[in-house]
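First chain A sits with chain B, and in the next complex the same chain sits with chain C.
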Partner chain A sequence: MAEINSFKLVGTEYKTYVPCVKKIPFCKKLKGKPIISAIILAVIIFGCVFAEKVGNHNPTEFYLQNLNTAPNSEFYFGTDSLGRDIFSMIWYGGRVSIAIGLMSMVIISVIGITYGCISGVSGEKVDAIMMRTAEIGNSIPSILLVILIMSVMGEENIFKISFVIGISGWFALARIVRSEVRQIRNSDYVLSAKTMGVGFFSIMIFHLIPNFVSSIMFVIVSSISSSIAMESTLSFLGLGLPVDVISWGSMLSLANKALLLNTWWVIIIPGLFLMVTLNCITNIGSFFRKETNRKHSNL
Partner chain B sequence: MKMKKIMSIAALLAVCIGFTGCGQSTSSSATTSAPSSSVSSGTTDKTLDLSDLSNTLVYAGESESTINPILNTHDEITDIIFSGLMKYDGDGTPICDLAESYTYDDPTLTYTFKLRDGVKWHDGTPFTADDVVYTYDVLFKDKTLSASITSNYKDIESVTAPDEKTVVIKLKQYNAAMLGYFTIGILPKHLTEGQDINTMPFNQAPVGTGRYKFVKWDTAGGMIILEANKDYYGKVPNIERIIYKTVAVESTKATMLQSGEADLAWLNAKYADSFRNNDNFKNIDFKTADYRGISMDCSTDFWKQNADSIGVLNYAIDKDSVVKSVLAGRGVAAYSPIQLNAYGGNKDADIYSYDLNKFAEEMDKLGWKKGSDGIYERNGQKFHFTIQVRDYEEERVDIANVCASQLKKAGVDMEVVLVSKFDWDAGYNGFLSGYAAQFDPDMCYSNFVTDASENLMHYSNSKVDELLEKARHTENPDERKELYHQFEKVYAENPGIVLIAFLDGNYVSIKGLSGLDTTRVLGHHARGVMWNIEDWTLNR
Partner chain C sequence: MKNRTLIKDIIIRLLGFVLAMFVLSVVVFYFARLAPGDPLQSFYGDATESMTSAELHAARVRLGLDAPIYIQYIKWFGNALGGDFGLSLKYKMPAMKVVSPLIGNTLILGSTAYVLVFALATGLAIACAANEDSLFDRAVCKIGTAAYYIPAFWLGVVLVLIFSINLKVLPSSGAYDIGKSGDVLNRIRHMILPLIVMILSHLWYYAYMIRNKLLDEIRKDYVLLAKSKGLNKREIIFHHCLRNVAPTIISIMAISIPHVLSGTYIAESVFNYPGLGSLSVESAKYHDYNLLMILVLITGFLVIFSSIIAKTINEIIDPRMKDSEVSAWQR
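Then we have the complex of A and B:
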């Protein structure tokens, strides 16, 4: 009977008839989407953006009367060996870490997509040279590359460190973009645009990118988390941001000290925040991947 | 299916445990077999057998680049490889070492040293008076020498050796601290003559007359290996071998102790505290004369124009809370560079107290006005200066950061720049310094007198010059004390260093090490702990 209800004879009014679309309930829409990750990430980002409101102490201040205090009602996450408030530092530090993640992501995307598109639409030889170059770059361990560039750049700040992470991390993206572009570059719409004399960048923005954006979404999203992780690694090694700039990485660089002083909260809490954030981002990224994979299997 | 999984995990675990079991048994068999092999090979064997550590002390020390008594003044290692005419005893009084006896003739200002018989360099060559003459000639004649201690020897007129066993040192004028400066290690003439003292390869393969002899510098492994000098003229040390690991980072030293990679290390107060109440370790707390302060480079433009505003910074720094926090209470707030010396400690020199109102008042008097950003300004110039701190010296980094934050609150912008190596030409306005005058108060002469050899920061104050000059040439101890008290006061009024705190020397060792004697007041970097190393015993 239900099937019969799905069919209706509309006769001559077929042109104006609007079929009643069954409303999908909101909770069903959310099914399969990474809601928990999204909510946690939103909370963390919100906290970082409004760090002034959320933090209850000055993150750069040394509260010398409260050294190495365990988490309590005044210092929610405790203090380190010089009396800095971990709770406030987390939010201010997260701001820096996430900003670096986003900025690096933008740099990676711009370079990676442009490079990939140029390589994808170019002739065989240029393409080969461009791709081999990218592969060589990709084969060098990125930490090595980053340290090398950092030592040349001199004094570090947030922008420089994002730039360095960005320009040493776009190789993988360029390769994916290039293989996507290869598939669609001979499509009729690209050809017709070309014959009409549309410039390369217009073709890239209006024809190429919209057609592969879903398949690189995962790489782009996960580049945020890998950039945050890279910054933490560098700061942990003492190669990243100067000491007075708080980030999750520079907070973790206190871990060695804390380990000796048995102050677990100095290590666990920034580590936990970092881990949770990275996990959420990865979760969201892998959702995008699943989505694109499903589309392909639909074909 | 599940059962299979559990089984396979169990099997994996069993294999792992089996392997570790094997690992343990093989390593233990290796250590038991090692002594026999080392006995058979003896000490003549050049390939060192480091598997037997039962009588080897592993010391986590500072990083080294040269071992030379004239160039290194901060390090333990030169004190045990080399020896001087004199040495300091536990109370810091100079006593005879390479000299068997000495006489001083007051009217002619002449020291005559009788040298010991049968002293040999570590390479077997006999030690003679020529070596002494050569070393002192280097110290007060060699113009290319870039050493920090040459100012201490400028009162020497001549050093001669009438015969092989006698050294005569004639002074230009009386110098109260001279006998102490004769403790400087003697260099072998036959190995170093004619070479550039600053760069010669000898500095990496030293030969001395001291209690331990240099064996090998393993630069890749970061360790210097020393062996007890069996031909030593005094008591031959009980501990056969010392492995001096060159680590600079404080947390690494603490980790090494914890993991059993080192037996003895000087740690900062906080790390040392983490070993207290641990039965496997001993805390040995020395007193030191080592202070930390913010030294201003008076030759930089900023301080040339604002030298009058260094002392006032003392009002804005809560030194007691720095001691309580960074030094975990193991130290004392500083007001004078020789405050803990027997000749120093003039309470009248303690003219600054932590008082922000007073600070604001004094700044006003000096003509500083607060700008819109809360930082003082004068003549269109912000009160902003940079200091450099080595990044691996955690205690100094912490002191610098805490002081910077306190100064900022008061309206002074002190920028802390972390460097991996001090750069004196980069134009930093100062550095977080440390010095000590643990023996004679004259040890501060080279720091504070205009153009003296260790006056890195180009401090110059004619009144200070006059007092320190006079004090070193005064014989009567009471008069000297009076002069040093005056110096402390004069210096406090116009300082080049914002003195912060004196630290304790917190050593931590494993339980089995004994014999360390805390009667000695240690120097900079807690130097001097090995003053009685021949009496130490190690019982693992």
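Then we have the complex of A and C:
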């Protein structure tokens, strides 16, 4: 490279010469990015944040004259068997569901990254024990683990449920972090930081994490959607949030009653919102996933 | 010589298995006793409110709830070795008696789903890998990812809404109609909807893993050789690639057992299918810890035991697997 440059003639005006940078049009920049998912997710989050403005009824009020009303011009998505307005509940419930997803994500990433880093930088034996433990945790069916912890926790609220989902969901992340850390732990910058006497957590935050964050981004983002799904499953089973704390999951816990009454809107609408949100989050997450360039197929 | 190391391995694994079960039982036992929710409440129901404190204390002594936890555990462990896992506090029957008729139900549902998921996943993966980047492949990839993120319980409820309530073609709950426990056709009809839920919620996850593995495989040099020999696509994939991928598929199958088992939990609870899953959810709701204990232990037993079997089979098929770590964890 240097040789080619050394043969280049530089004009007298080299100081004022501005290389013209080709402008990439805005729409081309967006290519390959999950725009549709981002827009849909933005709309849902916007609706949830401004739930007071979007919803046209009080979500906690029981409209007893309008039990099980089909969707109409006053109750856009109908009412459930308790006479609550589903359209308003969707937006208020979304707040709780998304909050649980985010909180669990934070807990999962804090525990998973710390555990993985410690395991990655420590010696063979400690590493083996730590990884076996994580493996055992991973091999217990997650729903059983959560049920077990939930039954011990007593009365449920948003924080408890995210805590439970968080502490039972970090095993897979810890394994990935550990294998990434093992690849970079012997690099010179870690060594130089160590010789300068930098503490473990500073090395972790300033040297290790920035180097593997891109490869765990997908896992972290998709842990939001799996936590939301887990919360709704638990609430549906009657082990999560009670019916009076509105979330997408606890709205669906009325689904069995709705089946008897054959009121489809109580089941389909919250479920659709849940499904669309989960898919959008995953789509955005898989954008962060490293695309492996495959060579040409031999087949 | 080779045989002896295999036997030694198996013995070491079995010891590890016993140890794992022991640790599991200790952890669950402590957990259960530390829990809030008074076991007396679930045993006597509302009667506890009208009992005097002396009566309550007598009841505690009778049920062995007054001793320190480790003594309770030793007592429980001694009884458990003799097959006595204590009374189910809700059903007021020995826990073993509550559970034993349901194990079969769960095993039938779980193993059928397991076999179907992997048969279909392998088929789908082959179809996708053979037509890589075709319209079919891309469509299946998109639909599969979307379907994987449909919550399983919601899918179950929607299926009940469509097929049982509006079309009235399939039953919505139970494992068989009353008085028809021996009727195979009746059982199959009850299993269709839970099976659909389990297959749809697991299929793509595994199909995608196997597809990616196959895509890596068809880029190897021996495929080029086989092609230049004049073999057609089908022969190459079925006779060469699939054989090389088989150990990976088996290790994925081994890892997947807990995943599929947690699927049965949800499917059973949605369809009120009498099995271990719906019973665990119920016993967790009613703080019936003796029952929950035995359910956790049985699940742990199934998971650990089947993963040991899968590991051993794997090593017999492909000795290379022994040292290398299974790399099927990437999600």
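The definition used in the following text is that the second predicted complex is superposed on the first by the 271 of 299 C-alpha atoms of A that agree within 3 Å, B and C clash if a C-alpha of one lies under 4 Å from a C-alpha of the other, contacts with A are read in each partner's own complex, and residues count from 1 in each chain.
By our rule, a contact is a pair of C-beta atoms (placed from the backbone, for glycine too) under 8 Å apart; a residue touches a chain by one contact, two chains touch by 3 or more.
Fair warning: this is a prediction, and the values are worked out from it, not measured in the lab.
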**Message:** By the touch definition at the top of the document, which applies to A:238: first (chain B), second (chain C), both, or neither?
**Reply:** both
**Request:** Pick one for A:83: touches chain B only (first), chain C only (second), both, or neither.
**Result:** first
**Message:** One more residue to check, A:262. First (chain B), second (chain C), both or neither?
**Reply:** both
**Which partner, chain B or chain C, touches more chain A residues** = C
**Message:** With both complexes overlaid on chain A, does A:67 touch chain B (first), chain C (second), both or neither?
**Reply:** first
**Request:** Pick one for A:24: touches chain B only (first), chain C only (second), both, or neither.
**Result:** neither
**Request:** Could you look at A:252 and tell me whether it touches chain B, chain C, both or neither (first, second, both, neither)?
**Result:** second
**Message:** With the touch criterion stated at the top, can you tell me which chain A residues are shared between the chain B interface and the chain C interface?
**Reply:** 238, 256, 262
**Complete:** Seen from chain C, its contact residues with chain A in the complex are 20, 28, 31-32, 34-37, 130, 132, 145-146, 149-154, 157-158, 160-161, 165-166, 172, 215, 218-221, 223-224, 227, 233, 236-237, 255, 258-259, 261-262, 265-266, 269, 280-281, 284-285, 287, 292, 296, 299-300, 303-304, 307, 329-331
**Asked** Inside the complex, what are the residues of chain B that reach chain A?
**Response** 251, 254-255, 258, 270-271, 274, 318, 321-322, 324-326, 391, 394, 397-398, 401-402, 405, 416, 418
**Fill in**
Touching chain C in the complex, chain A uses residues 136, 138-144, 147-154, 172, 175-176, 218-219, 222, 225, 229, 232-233, 236-239, 252, 255-256, 259, 262, 264, 267-268, 271, 274-275, 278-279, 282, 286, 294-299
**Complex contacts: residues of chain A adjacent to chain B** = 60-62, 64-65, 67, 81-83, 238, 242-244, 256-257, 260-262
